[in-house]
Every structure is written in C-alpha cells, then in structure tokens.
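Okay, here's the structure, questions in a sec.
Note that the chains are named A, B, C, D, E and F in the order they appear, and that numbering of residues resets to 1 at the start of each chain.
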C-alpha cells in the first residue's frame, strides 16, 4: 500500500513482546502510530508518538483515544496475575479504552483476547467462536470481560471490534501443546492487519494459531477477516519431542485448550 | 421439610425487593439465615442474623462467607448504573463473594443473573443457555462477568453455581413485554430453592420467567434443577393491552430480550 | 375482550371450510370483518362486509387491502391442483395480497401455510421451523413461495407475518396419520388469533397441530405467539385403528410429514 | 381395546422384574403372549405360552420368533456381568432375536436398552437421541451393540425397532439420582405399549424416565411414539433426602447419567 | 476428455454474459450444445444449435428439453426487475424447464441460483446450505422458488439438480464486497462443469465465489461436487480500496450477503 | 526421527494388504514391531517378531499385548462375512485386544474402523464424527462395536484410541465411488502414524480418504491428529469414467457412504 490507510492508530501494550512486533508491522499502515504503555518508550521512530500512561488512569486512557481512527489494544496484565492487577490493568483499563473510543468516535478496535478465555473447553470438542466462555484463570476471565464489553459497544454504539484469541505467540514453539497452539509473530501481525483492514468486521471473534499440522478449533466464523496463517510448527516437531516427555492423557493441561493454565493455582494464594 | 437442610445460608441483597421475598422463602431451609446488605436491616427475626457491609469491602465481604453452607447472591447494583457503581458493587463485590466462598469452603452459590446478560439476542431466536453473551447495558455486562467468574470457580475449584437469569420479577406484569418475561415472586423464590437443593448443579444457567403463555427461550438445559414455574401472565393480559400501545415491530426494545434496556443511553452520559 | 382490537380485518378464503370457522372466531376482535372469496357470500352478518374477487385480479386484490389493520390470508387453491391454478390463485394471488399490504400500510399478515411445504422431511427428524423447504406437491411449493415472499416483506418492508403450517384441520381425525397431524377447528382459530394479537411476531413460522399424544415436530420457535392447543386426537384413536389398516413402514406416506401427498402424481398429468 | 391388536407377541426376559410387569400389561393386546426366559415359568395364565431357552441357543431362539407379530425383547444379562455372560446372553442372544425376526417376517421389535449406553455423558449436556454412544460398562456396551444392530435391520431389512433406554425402573425411587432417573412400572409398561402400537416407529430411540420434576435429557425425538409418563419422583423426595447424604459434585457418579456404573470396576476383575 | 460425455446439453440464457462464457466452456463436453435465449444467436459454431424462445412460452420451452441429457439453466430475468418480468421469465419459465425435463426424461439440471436467495442473512453468520431462505429482492425470491421447485422434482421425480448460488460473477471484482463475493468466469464455468459431471448430485446447493482471501460462508455441503475455485480477489484489493470509500458498518448492504440489493426499493415502485 | 519413538508396537492383521503396508511404514518408529496374524509370517525382518494367533483365542491375544507401548489393530474379518466369523474375529477378538491393553498397561490403540460403520448415512449429509452409527453390514456392525468398546476403555480406563474410518484403501481408485472414497496406501500409513504420535488423542474418530477433489464428510473433529492426506483420485478420474457406467441416482449404493455394501444381502443367507 503506497498511501497509509490510517491517519492515526493507537497501539496499547506497545512495549510488550507482541507490541514490539506490531510497531514494526503497523508502521506502513498509518501516518502516526501512537504508542501506549506504562513505561517510557525510548526508541521512537518517525511516525511514532508516545502516550505513556497506566490504562487504569481513566482520564489519561480516554484522552489518548482522541483523534484516533482505530485502536490495537494489546495492553493489560500479561499472563496470570493477582486480582488487583487484573482488575485495574485489564478490566478497568479496557473499559477506559472502549469508553475513550466511544467518546472520541473511534470506528474499530482490535483486541488481544486469548485462548485462556475458553481454556477449560476440551480440545476434542473443536469449538468455534460461538462456544460459551470457559476461562481458565483470572487472566482468561478478564479476556472474557473485554469480549463481552466489546459486544455491547458493537450492539449499542456501532463500534466494530475483532477479538483475536491469541494462542501461543512466541518466536518458536516450545512444547508439545504448541504443536497446535503456536502463532508465529508474522502470522500474529498479519492477523492484526487483516482485522484492521477487512471491509466488514462487526463483532468478530478469531482464533489465532499458525497453520500448524494439528488443528484444534474451527475458525470459519472469522473467515471474513481474510487472514490465512502462513507458518507452521512442523519443522520444530522433532526437536520438541526429543526435549519433552510424552504427555499424560489424564492431565487437564493436555486435554484442554488452556494447557498449564488449567492447573495453575489461584494467584492471590501465590501472592501471599 | 421438618429439619432445616442447611445450618447457615448467606443472602446478599437482602434489603432489596427480591431479597425481602427470599428472606421469607428461605427461612424454613436453614437454621441461620445471614442477611447482607449495605444498609441496616431493622426487623430481624429468629434465625436471621445481619452482616451489613458493602460488597466492595473485600475483607468484610469475604469474612461473612465463613461458616456458610451456601450463598444466595442477589446483591449488587440494581438496574443500569454508572460504571463506578457497577464496577464496585457488582464486579468487585461478586469477586469477593466467590473468593470468600473458595476460602471458606462454601459448596454452592445461587446468583441473580439477568436477561440483560443476553439482552441483544432477538426473541425470535429462542436461545438456550449456550448462546453467547450479548449484554444490553453495563448492568448486563456485570452479569456476564459473574457468569464467567462462576464458571471458572466451578471448572477450577469445584464450587457449584446456578446462574438464574431473572427476567422481570415484579408483583405483577406491567407491560406487553412482561407477557412473556414476567417472573412472579413465588416462581422466583421457588427457582432459588430448586437451585439450592437440586442433587446436582455443577454450573447451570437457568432462564427465569413464569409459565406465561408466550414462551421466549429454551430452558431445557436447566431441567435438572427441577423447577417448574406455576404462575402466568395470562390473567393480566387484557388489562395490560387496554393500558398500553401496540408495539412498534421495528423497535429494538420489541425485537430483543432486553426490552427498553436496548434503547438506554450510556449511564455515564446521563450521570453528567 | 370488550372493545374490538381491530377496526378492519381482511379474511381471504372466507368461503372455505377454515374460512367459515374463522368468520365466527374473528368476529369479536374487529369492528369490521372484510370477507374475500371468489364466490358470493350470502349470509353476511353485522360487522361483515364482502370483497368478492379472484386473488389473481391484481387491482381488485390490492384494492381490498386498503384501510385494513391486518390480513388473515387463507385464500388460494386448496389441496393439489394443476399448475395454472396454483400459479394464479396461490402464487400470483398471494403476491397481490402482500403488495396490497405494503401499499396500504397493513401491519401484519397471518397466512395459512401448510405441512406440505415440508412434506418430504421424515417424521423421525422432528424438524423445527429452520428446516429447509421440502415441498411434496405444487400446492406445497406455492406455500414455500409465500413463506419466502413474506420473509422478504418483513426483512425489507417491516410487515410482520406469521406462517401457520396447518397440518390436518378437520372436524375430527380421519386416519392414523391424523393421530399426530390433526388440528381441531378450535385450535386452528385459536392459533390464528394468537398470531394476530401477539405483541411481537416479526417473521414467525408455526406448526399447527392439536395437542395430540404423538408429537411430530418441534414448535418452540413459535413460542412467542402464546398459542397452546387444547384438543387431542386421543379419544378418536381406537375408532380410527378399528377402521384402518396397519401402515406399511416402507411407505413414503408413512415415513414423511406430507402423508399421501408424497405419493401423488403430477397434477398436470392427471388433468390431461 | 376390545379386540386384541396382535395375534402373538413374544416377550423375552419374561421372568425378570420388568418382564413380570409386562406380562400383566401386554395381556390385553394379544391373543397369545409367548414368554421366553431361561428358567421355567410356572404360573402360565390363559393366553400365555412358554418358550423356555437360553437366548444364546441360536436354533431355539430363532425358532421361537416364528409366527410372531412383534417382539418385546427384555432378555439378556441384567446389570453388569462378566464378559462371557454379556457376550452370550446379550450380544449373541440379541443377534438371534433379530435374525429370528428377519427370517420369520416379524415387523417390529421393542427393546430394553438402557441409560448405560450413554452413561458417560454429563447430565448437564441434556443429550437427545442423536448423541454418540458412551457406555459406562460392558452391560451398557451390549446395549450399544443392540441399538446398532437394530439400526442395520431397519435400514436394510425394514424391521421397525424402538430402543427404550430404561433409566431406573423400580417400584419406587431409592436415591437422589432417581429423583430424575426413576421410571415407574406403570410408565415403563405404557412406554412399551406406545412403542408397540405407534403408527410409525421406523428406528426410534426413546429415553425412559417418569415425569419427574428434574429433567435430565431431551426426549423430543421419540415424540411420535405418543408416550407421556404420568408418575413422578416428587412424593419420594423428602424421604430420600432424609435417608441419603449430600452428593459430592466432583463424583463421576453424580455428574454423569450412568451414576454408580461410572465408578464400577471391570467385572472380569471382580469375577476373579 | 476425448469423447464428449453428453450427446446433447441444453443451455438457457445462452446470450447473457455468463451464458457466453458457458458456450465456450461446455463445448468439449457435448456433441450438441442447444442454445436457448429470447433473442437470435448469430454466431453459432459447429456443435451448437439454437432454440430461440421465451421461457414463458410453455410449449416452446418444454419442447426444447426433448432429447436432452442435462440442462444448464441460466435463463431468466437478470438482476432486479418488475414483478411481471420476474414472474414470467423466472418463475413460470423455470417451471417450464423442470416440467420439460420431467416429461422428456432429462436426468440432471444445473441452475444459476444466486446469493440473493439468502441476501438478508448476516455475513457474520457464515451460513451453509441448510440456512432458510431470506431473499433480498423479487429476483432473489424467484431464485428461492426454483430452489424449492427443484427440491420437489428431486424428492418426487428423481431429477438431480445443483443450485449454484452465484455470488458476483464478473471479469474482475469491482467493489469491497466483491473482495469476498467475486466469482471469476473460469471458476464459474468450472463449477458448472463439476455439477454436470459429479457422480452423485441428488439435490445440492452450492455457494459460488472464488478462492478469495475473505471467506463468507460454509460450502462443505457441496463438497461432493468436487469443485475447487482457483482464482482470488487478492490482486485486485489495493486498487479497489484506492477507488472506493470505507464501508459504513451500520449499512445493511455491508452487513448482509445481498449487498446493495438489501437497500433496493421495490421494482414496481420504480417502474411507475 | 533418528531414535525410534517406541520400544514395542503390536500390529494385528499384519499379513493383510494394509498390514503389509504398515509393516514397512511403522518400522522406523519402533525398536520391535510385533506382528500378529492367524497365519505364519514368513519374511520377518530385523526388528520384527511374530505373534501368531487367532484373535478369538483369549489367552494368546491378551498375552501378546504384554510389554507393548501401543497397538495398531488392523486384524479381524475383512469385508462382509458370516456372523460367526464376524463375532469371533472382530467382536471377541477386539475385546481381547482391549482387555490385553488394559491388563498390560498399553497406553494407546489405533484401530481400523470403517466407512461401513456409518454406511447408511447419505453422502449429501456430509456427516462428522458425532453422527450416530448406521452400519451397512455385519462387518460395519462389528466396527461400531469396537468404536463403542474403545470409548468405554477411554472414559473408564484412560486408554487412548483413534478410530480410523478407512474408506477405500487400494493401490488406486477403481470406480466412481472411489473418486471421493479412495485412500491411498501412503495416506493410510501416514494417518496411522499421525494417530500413534499425536500429543493428544483421547478418543478420536477420523475419516480416512485421500485429498480427493470430491469431499464427502467433515473431518474437523480429527484435526488434532495432524494428518493431511497428500494423494488424490483426480488423475484416475478420466480412466474410471471411461470404464464405468453413469451411476443411477436412485440407487442406495450411489446415495449413501457405504456404496455397494448397502445393497449386499445377509451373509448368512449367502453362506447357506
């Protein structure tokens, strides 16, 4: 694309691992890429501008949505955290983003949801996007909340949203579960771009894993995004199997989408 | 039942309209009925004890779950409210109840969810309990949150929960929507008792309306609760139709479960 | 109801067997009951007015929709007929009724569709209203056409329609098929009234048989009409079984909803 | 019915508890009731004749199907048994019955299948008759076999069959599971008669429990049998709850249809 | 294929844009290609013969089906037209074709149905071929009629039919909707050939769009046709986006399959 | 894979056509490949050991499961056979294999099930693995039995099983049905290996046909096996069509998955 499609995009969670990938990938799409995180971002390039604040800061979070065409919302607590952190950064923070979008007329939000929103469903059920929520953690619960929040903002306020249920986005697959759950960085960024640019999104829930040989879900309900993953865990399989033990078929972490999250204890217990 | 089935039941929202009905109805089931609300409860009877606190008060809310066999959780913001109130009383408050239940070994929770958790589904779709959430308000969104929270606490911690999606629980039906959505007080209390005493609940979502001639949903997935509503809106129909206008078929409030909630503006706009 | 709900209702097919029942049943609902048929109606009562024309007569058919609140459309070729008759009286005629309704602002149409629109589905499949059309005759095909026509007029023009798939509406059940397919006249008229007066109809397809012990379909998707049949084929069973042979399980007429229509030859062959 | 509907009915398992009930109930339907069991039946009445043999005896089992209009097949190993017994009496025995039916032109078979054919499905899933088999025992496995066998004999040879998945048929409900699973003797015999006399059966799978307040499955796919249970576990509930402990929600026997069968060890281990 | 598979194929609508493509593509499959249109076809080649008539001409239309192995029925009113034209050329005309096929023993018909038969379904629902009809126009209504007509002729008379729901068949995609709806001419002709030559068709409904990156429906129920589209809208995307405005997510034409047909007024209004 | 993944694999049916292919394909995966068949296997290679016995021999069949990591169970009666042979070699024999697995701690079984377990389903229904059994033969019935048996051994004893419903595994496709049902030997062996090595199998039913242009079923529920067929019937199509007649669309063998098995008579009739 020669002319950028957007004037201003807002990217939250810009300092995270996926955010860093997205900075690179989104640059060609927009004149200005506004980067949000809690911490200072040192290496701003041309076309980037910083919007440093905690998403839990209502005024700041809403203010940075002004003048924005679309939001790529990847901020919030990464992985399982104590309740207070989940509540503030993910639940309250995401509410601020959606309210900011509503008040400032933002048209579309692309959100980093997660497999952990449906982590207690069995892999053998091969669910699609209509399956009920079954979070496996407070982390997953906060993703469920944002999925429902965004549904309200579409049904009532007409803000389009794509909920990308990121499975396991890492430089390469690390364990046998990632044989089906791995999402390469290139496929992840392509998915975000597809969701940003599709002619019609409405409210879409998409599952995000690469074109791995093992398929664990039914993604047809996101077909209108026009995303086709291009990477595969296949080249990594032999190495992974050499390094890791045979899974125990009776283990919840093996049977369910959420993997080891299903066996995690409560974060507030661990925090004590 | 001659001997009470429970030693101690906790009822939140005890001072509300439905809570007041439940005090009367639950008395025979338990030796002690612990009553929670934010405001003092003046007229305690034998077998009742007060536990006055804001559900947003983490320590107090968790403490009152100690020694409790089961919780009937009807507390939280009634109807649509500004975000801060929804967040504190319904989202944070309900988290405190579930964490209190987990820490103190409570076995079962019965929760007043709402039709507004699925208010943007069309009546013609006759959904069942597997339909995805489509909240019609912040109120409905908080109900979605508790449904997902309770699912986590069942899947991970083995606490049984019944989510009762109360439709329109009033002394009598008031408008044409209530011809199908009305839930009499007697049917409401019978539903709570069924959920408290069923041999197996696991995680159950039940729709709550009386045996009205007009049926708007499919409640078979709650059949194991053993609840059969006994009242009907039929005797009220002629009066309602005489007092109210013919509905406009193009109105979202007519087409969708949520009724006039679908047309409500954002509560934070109104609050300003 | 003391005051009639409608000013003017139009009833097509008013001289037919079902139309005659409906004249009696609809009278209390409306100040004026406009009666359409091809032949003169001799015995007009107070509150009735005649609108005699062939439905295939575009101008006349449309004109009689003027000033009408709602239409009960039971006109058209009864049972299987040669194509020309089906085309003119049922397909063209029904188009004229819907166009008349659109041009004159009629809000709701209640139509006598038929089991023969889905007559080639197997009874064992216990279909609901979302099952695809499988007509068993030109008669059934014309019913499919009107169901689709009415869907268009709801989706595009906001005219509500109830498609009542009448099974076997006779004074009493006549054969073993009618043990499950019989619709008493009282249940038939109650169904029409339910469809005329329900607070929300949108586009609804309802199956019409009485509360016979044998159930052959799933009618939950019409639950919002508020109709509950009250009659049953049970008292007629012994007599029917004494008079009729044991059915052949390999017969299409026994296996499928459409009964003997499934074995009918082409009407244009027979017409020659 | 004044004239018996059948000339000769064959009842297998005639000496069992359910068979004894059926002897009484089927008598008015048939001129001759042929009674099969392995042991002598002492108290033959008018209209009864004995056909004593082991169902595993191919020649004898097939021979007794001669001249029979319909078969009520309740024979075979009751409850869980070692493999050899299950194989011989239930699998081989039932094959002999179906082959006997085919060779002698019997038109319809009514079979005592069991909840244990689907015992490992969760109660919360509220399955219908299309759910895949999930036997909970060798006993349940043999029921699955006969259900599949009968499907073949319908699809290929046109012999109608009703598979009645008997839940818990006892004089009265004994434990909390039977609050939803109990099938009274009167409802059981009425179900058999409905299946014998329905105008169309084809291949039908019906769930058999009484009209208990707690509903655990979806029986609409057997609606064409015309059976409505009339008894209820409700009057027994208080007594059962007084005598039995609160169920453990984590117990497979509580979560699944099969109850305590889900926790049974392998019968061949116990047999040693 | 060296030897033509068919002796005589009949192609209706042979002078239209798609018909012209089909003349070229079907030539190798048949010794004689009989071409029907209302207007003279000037450039007949070897192996082609003309059968010029209006499909509304019953005798002529039926007569041209004589001696035909299979029919490719692409005739009828293209796009939205006044009712009289839709009725005569599409509804009556198609009836004549099916009756001609029945009377002359034609084995299979391949029909140009359309996305407009289901144009009011939402793209996000990703329907398959079992979704109920929701026409968006009189044009779409006539397609529904022929789909139902062909179902009758398969169920009752054993004539196989493939209903090809052509999405947007043009030389290249023209607007953002065609990013998912475009069907290249090569893919269109390949689909017709697949439907003509598949070993089993029965009654099949297939959705017709190319292998565009954006997928809008579920075509698995036509998998037995053996058709795999080979073209894609991808190379045209950048150009289309440069030339066209961002879609309005609240527009029915954006949300639903039918596109701008959903916003079309009634053709008889425009005709006046 | 450089190091064999398994110490000992047991292959039953090792002398059959598919067994012979599997000997070659499985060799690299295991240190020892134990080969079972009824007849002597002459050409044992390094790493192979023979375990010759009839599967109906309980002691011998169970004994050979000792020390085995996983079983590839391809033994049993091939194609339709008289009941005694089906009973002994397939039903009893498979029970011995599963009991041997349970007693000796074998973790996973891969079984050669068949399309004939669901042979009476219509191709147009495009079933997935949840479709009920509809066997087309005693052969298919025995496959249903083993599918149910393996489900019990997973649900109760935690033995993982993959049921591979082999369609038509031959060196090349032979008739028009095989245009969609053909499974090349390479795809067959790859499917077995995928099932043996997938990180999670639980209880999986997979349909086995190559990547033929014509698709007849929905295999998504086996997606976690990670199998993608690579061969196609396409190159054989022209030759097959030249050698074989046009199918009769009214033939059960054309309409249903089972093909000519649907028209086979009873094997015990033929045996006489």
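Just so we're on the same page, a residue touches a chain if its C-beta (ideal position, glycine included) is under 8 Å from a C-beta of that chain, and two chains touch if they have at least 3 such contacts.
A quick note: this is a predicted structure, and the numbers were derived from the prediction, not measured.
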> Where the contacts of chain D and chain E overlap, which chains show up?
Replying inline: C, F
> Count the touching C-beta pairs: is A-B or A-E ahead?
Replying inline: A-B
> Pick from A-E, B-C or A-B: which interface has over half of its contact pairs in common with D-F?
Replying inline: A-B
> Per the centroid of Cα atoms for each chain, what is the distance between chain E and chain F, given in Å?
Replying inline: 41
>> If we use the touch criterion from the header, which chain pairs count as touching?
In response: A-B, A-E, A-F, B-C, B-D, C-D, C-E, D-F, E-F
> In the complex formed with chain B, which residues of chain C make contact?
Replying inline: 1, 3, 5, 107, 158, 160, 198-204, 220-221, 223-228
> Can you name the residues of chain F that touch chain D in the complex?
Replying inline: 83, 87, 91-92, 95, 99, 102, 120, 130-138, 140-141, 144-145, 147-149, 151-152, 155-157, 262, 266, 268
> Given the complex with chain E, which residues does chain F contribute to the contact?
Replying inline: 122-124, 126, 176-177, 179-180, 212-216, 218, 238, 241-242, 247, 249-250, 254-255
